[in-house]
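In the two complexes that follow, chain A is the common piece, with chain B as its partner first and chain C second.
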Partner chain A sequence: MFEQEIRRKAKELLEVKAVDLVIGYTSGSLPFQARPTLVSSPEDTEQLVWNHFCSPNLARYLLPYRDSSKKIALLAKGCDARAVVVLLREEQFPRERIHIIGLPCPGIISKRKLEEKLGEIKEEDFSWEESGFLCQGKKWEIDSFLEDTCVRCRYPNPPLWDDLIGEKRESRGSSVDYLERISSQSEEERWQFFTQELSRCIRCYACRNACPLCYCKECFAESDVPRWISGVPTLSDNSFFHLGRSIHLAGRCVECGACERACPEEIKIGLLPLKVEEIIKNSFSFEAGLSLEEEAPLLTYKENDPGEFIK
Partner chain B sequence: MSEGLIAKRKWWEWIETKKDRIFLTERAKKRYGEWFPAEGKVVKSGKEVLFPSGEEMYRYLWAGEEWKIEEREVSGEFSFLFLLPCEARAIIEVTDKVFLHLPVDKNYWLRRKALSLGILACLQPEPTCFCSLVGGGPFWRDEEALFLVPRKEDIYIQGEGELLAFSEEGGEKIKEEMQALQQEVENELPSPLPSYFPQELYHHFEDEEWNELSWRCLNCGACTFLCPTCYCFDIQVKMWGDEGYRFRCYDSCMYSEYTMMAGGHNPRPTTKEKFRNRFLHKLEFFYERYGRSLCTGCGRCIAACPNGISIARVIEELKEADPDA
Partner chain C sequence: MKNDWEPKIVAFLCHWCSYAGADLAGISRIQYPPNIRVIRVPCSGAVNPLYILKALREGADGVLVSGCHPGDCHYLSGNYFARRKFFVLHELLQWLGIEKDRVQFSWVSASEGQKFSQVVEETVEKVKKLGPAQKLVKEFTFYV
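== the complex of A and B ==
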């Protein structure tokens, strides 16, 4: 999966001092896991990996360097690069200090789905190929093992890049059916669904902290004076937090699903921002993170702005 | 302690107690769910039963001329809690020490003295487990808690109490069988485990390694909230007009607000300081005060971390940085 090319490119950028740091993935502390890593010397580029488990959105790691002078190369899947575009549009990071190594994304595999279908799994029993893997003497397509957020991915290719490594990929799906399944339920069913999901939330804020676009220095959830939300994870406080977060992401969410994959309780937390993005798309024909030029609809006022979604 | 007693599979039905006062941890449920009735309440970890994620302490009300204060006391109703050795150790060796050390935390004490613990032997360690490294083990038991080993057809029970009156005598053969089983499970513990436990980590307070180790941490509180030994809490207030209530809820050293001072100074301003404090508290500061580490090797934090941070791996990496190790 172009791992060697990525290492070569990262090494080259560090050697010629085109960048000071490379942010990428390395193998995780558990099998079937990759974790973010920071590489600053050419020799260390060997630790970089690129596989079906490179889940975290690396754009999250740019902002700590905002006020430094470091030039950073970032490995970016389609959604990571979209998040970078939003950060650039919001003037959170200067374009000249970031070098995007774009990676057309084959989709992230859910370890849980692997275990559900294949039982107890060991890394050494797997042999990975371009579109699938060999395990237990059989060839498996990856489609049925993809994370839910990747099944509905429309933009596996980075919209912005300085180097692109790998072949461009077809879009995999969309969120239309998923949202329709929820919208078509009765009010009671929907209430029951959200109650069930949100009452499981322990408010660890992994969703917010994994999100590359939740970068407020002080989150409303942690504000002390006034205190908007209590520290007790009640259904009401949890709902307030997640609804508040979704509204704050309106017209900005790039649907990467980092929030959902970070959730230790496996709550379908990506659903709320996804619905908000659908409304934005239908009302303003706008999708976040696709272009550096297009104006963000909720940051610009036009007299003929549609307002049907406000009821 | 009575040794080697076997009860039939339906022993459970003999316990005369309200089912909603029986708790089973999520992990124990996952492993031994079939042994327990569905009416039992499933909790994330044992600490939730004794130290809930939110708890009202007292209410207050302006009664014309003076403030009226109404304390909230827990009932201290008898309850049963079934959990795995790593989770039981967290209560017996950690939260009991913290909350029952002077001054005694009243609500914790009321719940604790009414609680009967059942420790379920861990027959299926997970890849994230490292209990043996921190002094525990899949068959760790405590004198005052029932010790149970669910088997195919029956259950092995060791302990005191009326429960055993319903059991049949087991004998020497069963004792041997249990020892063999323990050996078998211990041999199955995931490998390689960190083979070293760091000592005197305060020498490493200023080490450069913390930058590298903490870099990927998101500062979310998933690890601390799911940890059976993390016991930090915050006290907050809700009020409207002339009345309100004060309550406590979990807090996490991963959050900025945790160390934020009046006036805006934060002594642990960045991820590095927060991360270093979490691990030093687990491996060093708690040890200095209570003579044991603040970790029972359950591995929940490793499984929960969205970015693959592992306390076992942190220990290994500290070892590499330690010339004396």
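== the complex of A and C ==
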């Protein structure tokens, strides 16, 4: 899957010193995993990989370099590139310092779903093909193993890139996604569902730390003055944290699902920001991370905005 | 015992209009229920959605946010920004299954003492119907 081209491109950029650093993926310490890696010398580019398990959103790894002067290249799937667009839009980086190697994304496979359907899995049993894989003597389509956010993904292609490796892909955008499944329930059922989910939260803040757009120096969840919530993971404070986080992401969330994949309790935590994005898309026709010019929806207004809910 | 229950409602009122409207209601001796606890804010646009959640967490049964009519903002456009923020918050709370009548919004100008009293009456009535707040209220812990 274009691994060689990616390595070659990264090597070339580092050799001519067009960039000081390449952020990419390398194989993880466990099978069916890829982890982020930082490559700064041309020899090390051989460790870069690109497969169906490259799930972390690499825009997150740009943030520690915000105040340095390094030029950085990063591999960007559709959602990573959208996150970079939001970061550029919010003036976290000048455009010249970022080199985006765009990768049209085939979708990320969930290891959990593989295990659920195939039982115990070993890396050597798999042989990968373009749109599926062979395992246990059978051919499988990848579609039924995709992460929930990838099933509903409408932008597999990066909206902004300096180099594009691979062919552009059709958007998947399944109409029956997990957000709609929840939305079709009654209000009371939804509350039951969220109480069950959120009471499991241990407030480790892994979701916040995995999010490419949660970059406040001091998070409201940990601020002492004012002290919004306590550190104890009670249901009310967990709800407060996740509601507050999704409001902070309003009009910014790029729907990458990094928060959900980071959750050690496997809580469907991405649903709240996704819902906020849906509200904003329906009412203000805005989607985050698609353009460098468009005004953020909560930093602008129209005189005929919906106002029926106000007396 | 249950019949004695009176809701506590936190009201964020804009200094330039609704707060003066409440004042006018007072000096005109217009009656309204004593359930609201007024917090004066410089503009409805200054009301962070977290303030509303915080009020509910600390045990308020309802929250009322009131500002200037569209076009009349002292800071020209604060209430327009507020309207977008509150719209998102309102829809999100409803989707989560938190009663949306607990959080109410209104536009009341400095000359609308009568409207202010009506708004408070309606708000109190709706919150009374819902009963004491259960969702989002902080639980007792030894640490806080």
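As a working rule, the second predicted complex is superposed on the first by the 294 of 311 C-alpha atoms of A that agree within 3 Å, B and C clash if a C-alpha of one lies under 4 Å from a C-alpha of the other, contacts with A are read in each partner's own complex, and residues count from 1 in each chain.
Here is the rule we use: a contact is a pair of C-beta atoms (placed from the backbone, for glycine too) under 8 Å apart; a residue touches a chain by one contact, two chains touch by 3 or more.
Please read these numbers as outputs of a predicted model, since none were measured by experiment.
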item: Comparing the two partners chain B and chain C, which touches a greater set of residues in chain A; value: C
item: Contacts of A:Gln92 with chain B and chain C, given as first, second, both or neither; value: neither
item: Contacts of A:Asp224 with chain B and chain C, given as first, second, both or neither; value: first
item: Which superposed partner A:Thr234 touches (first chain B, second chain C, both, neither); value: both
item: Contacts of A:Leu298 with chain B and chain C, given as first, second, both or neither; value: second
item: Which of chain B and chain C A:Ala34 touches, first, second, both or neither; value: first
item: Which superposed partner A:Asn51 touches (first chain B, second chain C, both, neither); value: neither
item: Contacts of A:Asn209 with chain B and chain C, given as first, second, both or neither; value: first
item: Residues of chain A at both interfaces, chain B in one complex, chain C in the other; value: 230-232, 234
item: Of all residues in chain C, those that touch chain A in their complex; value: 49-50, 53-54, 57, 70-71, 77, 80-81, 83-98, 104-107, 119, 122, 135-139, 141, 143-144
item: Chain B residues within the chain A interface of the complex; value: 44, 53-54, 127-128, 212, 215-216, 218-222, 224-226, 234, 236, 238, 247, 249-252, 255-257, 260, 271, 302-304, 306-310, 312-313
item: Sites on chain A touched by chain B in the complex; value: 28-31, 33-38, 56, 60-61, 64, 202-206, 208-210, 222, 224, 227, 230-234, 261-262, 264
item: In the complex, chain A residues that touch chain C; value: 183, 187-192, 194, 220, 226, 228-232, 234-237, 239-240, 243-244, 246-247, 250, 272, 275-276, 279-280, 283-284, 297-299, 301-303, 305-307, 309-311
